[in-house]
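Labels run A, B, C and D following the written order; every chain starts at residue 1.
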């Protein structure tokens, strides 16, 4: 676990140094706040220093951003798409060092770090096409010489508050769409991943500058809760996209709603996999492993609950426990590692709390090391145990037994969260019931694949305590625009709807 | 103003009597609450008595409704459409007496009362077609042997809380769509229009019974704030559609969000008309009259603010004042009446408060009568006056002068509310700027027609303090369903998205 | 088989007599052609007489229709929807007598006759909703101060030439959509089902008259090939929807194309069912029976080819042969009858030709009777036999054996026609391959249901020699309209696309 | 006009030499046909030699292509999008030399040559996004336990026959969409622009090779009518996209239809501009100049007919004649040139025929030179003159006078062709009538911009003799796929549509 000196070599490729300014305001790098350190979760040593933004920096940034919004929203959408295309190209050129940085600072394995950056690139490619398809509608009017339009216009500014576990992909989901939709972006990254925030912002900033556009179109802050609250309260920001816990998300939502703003929330998940009696067991086991252990269980779509049909219960568990024991834990940048560290010491504490209340079938220990390493853990537990109802960010899998499909669906739906869910079965009837009106109540409802690993073409997000937002593909872009229903009378008469006569 | 005895003749056609049970629970008419009276706003005399629902009635209703939801959601959508078609036919058969009842109990003129019922009928016709078009999507997956679906499923139960000013059309907007989408409906009508709630419910109930369906699919309550709060708090109701003031709406929203439910809000409007120098003045004047005076100014889309270009200021005002003086005020059921009473005594008091702070150009008086009649009023006022920022439910029009389009748009956008807006101009450039990114910030953006009188084919609703909900046409139906992004692996391999390799 | 006298009782309910005028021209019933008889296929006796239209009648009709088109296309689509709604109500009121007439004159059993009329009613209900959803698009322009619209406008007149086997439903598919889209309809029904043409036209005509609309909006002819050719050649008819054989369809297409018109073709089908080794055999057998024997094999979607996996070949055939022997053949109006007569004597001759070249497993005989009755027949045959490549309109099922899914799909795709197809299997992988890029090449691709019995919400039609047209639901309506891509410059500059500078 | 030696320098950048092999077959450059020369229209001297394909080369190519189609169609669409993205990048890297080649070989000015290549690049960017949006639908079924899908599958192979005037952009419109839709492309370029065909094919081929994909996915031929006929007749090619004259297009269509294939036709245009009395004259005049003179009048969207309101007739003509006289004619590669040569000597002859029958207001001469230069010409003529009804490929503008909008629209619609049209006016009512049901009958209907210069986001194509095809944006992609309506029964019952009972 000592390859850090080599890791730092790539810093200059992506504009980082040992000391960095943490906010991009009105097209300039400036920050007048306190200096914080970015810490490597593999050894809890400092990676680099970052000066955070103050509320004064924030205000300066927002004033410039408000001004830039007036320009950006009137640039034709396909021209905005061209800018996003260039951002994609800039990211593609730095795929490897950025992926490395994600792995280093967040702690996920390198393949996933690179995959996360690739996801923004995919989003850019997608958004370019979308920039010619942000279509409104022409709806038949019931009145002669009238046209009825549904027009989509930019909101102005979109605030994006992201979490540590996807320190740049979630920005990508939001920013690519927000930008082609004609909005400026105000980004506050997670306090523990400031280097990623800075590195990504630098690439975006360069593209804006090269095109002689105001840098304030993309305004970015490293900072803490005060910046987050400022965004939530700011009437200049009609939409706040927040990724994080249900608890904080609810508070953000109330603050934003009180000022008549809108939220796009991606909150907690508590995702389950159901394995039916007729499942392809090999496929199921491999999927569960990735779903529960990947990213050290720190994806919002990580599988946290496993429901096994009684007939295959022992078989599946035996195979899983066997695999769990072989999983290589260690430096996420090293080849062969499957499980990196948890992101912080607090996560390790939560892990320890979360494995109580049931029977530990494998794992359960914190590894002795400088870093935040824990063992992937399977806990046999009752569905009524309080820990089962909560999201635990770590590689802990609660396993339960069931007898019928109806019972399994009820278990799946019995938690407050509603993000992702998956079933393993070979029966069409079971698949279609699972995705139907009385099936899973989640936003993501899979069959024969893990709970995680969503494609960008679909809409990503969940129901209930997960917040109801949808990001990436499908018609998610509509959340980043405001809709006007426009009726235009081009004749000289004044017929009224519903055939009313007045006067 | 003495035609009431005649009015009561139609009661038996629509199942009303002098004393009525005010809730339809589990397919039965029963109510154990206190008895209230429905009052005629034209003379403040009792129309009939109604027994309201208690929280116990509510609970009984909701238990039955939850049970009925399991059935209703699995009936194929086109079959649900057939039920809504029959509801439309039932309403069509009673168009005249229902329209009369709306006029009598709410106070709007008969033409508008009938127009309101016609709007539900239109919604039924529309929803029947929609029942075969609640389309999900099949999205290309990036993985071989995978299908990606976006599926729309029913929510289960939709709560609908309506206001007095559209005592049945708003129910129609919501219920027609909610029902074809596979949801049961729980309706709480306005406390001051219980007879309309009962009469409409009876027609729906008959259709359900004729088709051997559980009556609990449509559960309906006359009642007060306690019932409203019960709906807001009820975790069995994933969506609450609320129409009313911004103040109450915000409280409903917070209550619903705390339990992870969703809201569809139609709150206050403070709608403006802009008349440009090149406008067709005749068209503008006629439109303003209808927009400001129609329904005695009690539509959410009523025009409350008028911005006149300085060059046509006097001309338009002169014509308007002339017309205002000729408008016939009186019994809304009588032919020729254009302005009926305000709905309550409180409305009259609000009217009196709202006309202070400016110069009254015409009107301004409360009429001496048993009813709640006031004069349509035009007030010349500063845009900064506090009353201009608030929604006043009455025939009061604030008039202001401007010089440039940009100034007029800024004025239009300067209030918290964002429902409806309209411009009068003959220049294409002005029209397209008005509906474009830097134009009106409202949900409804018209040209050369009034602010009111929306067609059902479009999406109805507004931005900012108006709450952001959309009802009736376009893709409004999506709010009444939950979306699942489903990825189905039908092969035997497990490729991961973004090309990630794991293990 | 002697209930005819009773059948005639219902004639007056639907405006028929023993002698009838066969064309509705310019809002009047008039026909100057020869008198033909409508013959009952159950006994080859005359039902009633009909005077056909001449080319002079045609010309008079088309002149009036062209004039009416100018009016009809400018009536707002939702108002046109209201007319179609009334047509639906008129049909609903006559469902039973019209269904009886279809059964009597075409020869299908009463349940199917009524089902066919119900299908037009469903289409009317659907089209009403559609009349508010014939949406164009507003597409983001790459140029500032430009709007890009995609607008859908009516074509003017749509010619509809229908076949005997669905003597009114096919008119319904076309006319309901064509009318809401703003087109007048010119209908030529099948020469052998003139009474149905007249009865349906009468109902439509009454609705038009009641609404004070020109009767010429719906222009209808009983007649022969000369009228069909006149429609094909007529430059006033931009779209000709033709249902019939591939041979005649190709001639119509060439004639229409030469004058730059468009065709919507629904031509021959040669539809197959595949039964896999894992199929629900009971479901498959019941489906095959309906698919092959229903409507005496005279649906375009009738199953004509059956591919059985070798492992279930004998089992399925045994069950089928058993059922075939029990099927009741006889008067289609009599309760219990499942197979009525073939429509004409010529059909009987074709049946006799079509059963040669293989081994008859059951059936094979023409029944001795006054009518055109034949036995439902199963023929074991080689896929290379010439008769297998052609559409035979009768209850003849060719059965073949296969070993692999790929082989079965290749067999399914090995004929010129591409209308309908179905597979019976319980494996998701098989279902999704079947509907995927290397699966069935047909327009209708079912699983675990018969080849026939399409729902109106989907698009009906087929590929290859079936002609490529799509009717009823989905976006079929676009074929009945013309699309304009409109770019509107509302500024004063002239930027060019692709950034070109000129001059 | 002597910069050719310099022009040839860029050949090696794009893989061209003085002698070139003219077909790319099964991933190899081979051609066994006769050798032809590519001629510079500016001086009629040879640019380079090309060996054309024979029918034997064609057959070899198609066999490989058919085989490659089986692979390509099963690669997930987003992965196909990635290939098209790389093609776009390859073109972007060669924008300048390719643009030069287009200018040299076709004869259009350099800005337009580069603009044409940019258009393919734009199409690639657009198609990448589209590759995740080739969405099918999930349509509500009226039957319980049934799913109804509308699935879009690849056709297999798309034949693309392009014309000289857009020697690569038209390929781009078709190929980008066809490829992401999962089809292999068989391209036959115009016989007189073989170098462009070869240069573009080389770039595509390199991308395929780099990705280890079969080169036969893109099969390309330089050749004459025999190759075109082979494509038209080839049953392995379900769709033939043809750009060219109406006369040849009709023949292609009949050949393709006879074998049950489909055509996408982009045929002749005869496009008009209407200038109303209230037009912005300056904008109109500049637009007419570009529309009529750009590309030396050899665009399919070139304005060929000009209708001037009598009140501005003289004013507009005077300005136009003045501008026409200043237009610089000459070597299209030279800076400042606005009008290059006609493409061939035959075009010059057609020009001479086309200017007879009216009064020449300016121009009318063939320039004395080695090249095919003619003067931009305005002819005052009667709308009844036969030449006005035909497409003339050259810079000839027929001008006519009118009095009313209705008259101008009737004139616009009075020719067989229906491609593009434009009106200049400042009245909303006129604009909306122009794009409405009784307005222009063309596929492209503009206001206040020229007839040419379409954006790729919209659907490009025309009605009537223009053939009815639509290329580039909107839902044009559907033409490159086949649609299946799929009903899947996942239950164990067999309910029939329209509620029919059978047996």
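Heads up, the rule we're going with is that contacts are C-beta pairs under 8 Å (C-beta built on N, C-alpha and C of every residue); 3 or more make two chains touch, one makes a residue touch a chain.
Computed from a prediction, not measured in an experiment: that's the story for all the values here.
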item	value
Length of the shortest touching-chain route, chain B through to chain C	1
Distance-maximising chain from chain A - centres being C-alpha averages	C
Distance between chain centroids, defined by C-alpha means - chain A, chain D (Å)	42
Whole-Å separation of chain centres (CA-atom averages), chain A against chain C	49
Centre distance in Å when chain A and chain B are each reduced to the mean of their C-alpha atoms	35
Residue list for chain B, restricted to those that touch at least two other chains	74, 78, 132-133, 137, 139-143, 146, 149-151, 428, 431, 447, 455-457, 473, 488, 490
Chain A residues within the chain C interface of the complex	74-79, 131-144, 146, 149-151, 426-428, 431, 447
Of all residues in chain B, those that touch chain A in their complex	70, 73-74, 111-112, 115-116, 118-119, 122, 137, 139-143, 146, 148-151, 153-154, 182, 250, 253-254, 257-258, 260, 262, 280, 283, 286-287, 289-290, 294, 327, 338, 416, 431, 435-449, 453-460, 463-465, 468, 470, 473-475, 482-490, 492, 494, 496-503
Residues of chain C defined as touching chain B within the complex	78, 81, 85, 125-130, 132-133, 145, 147, 428-429, 431-433, 455-457, 473, 488, 490-491
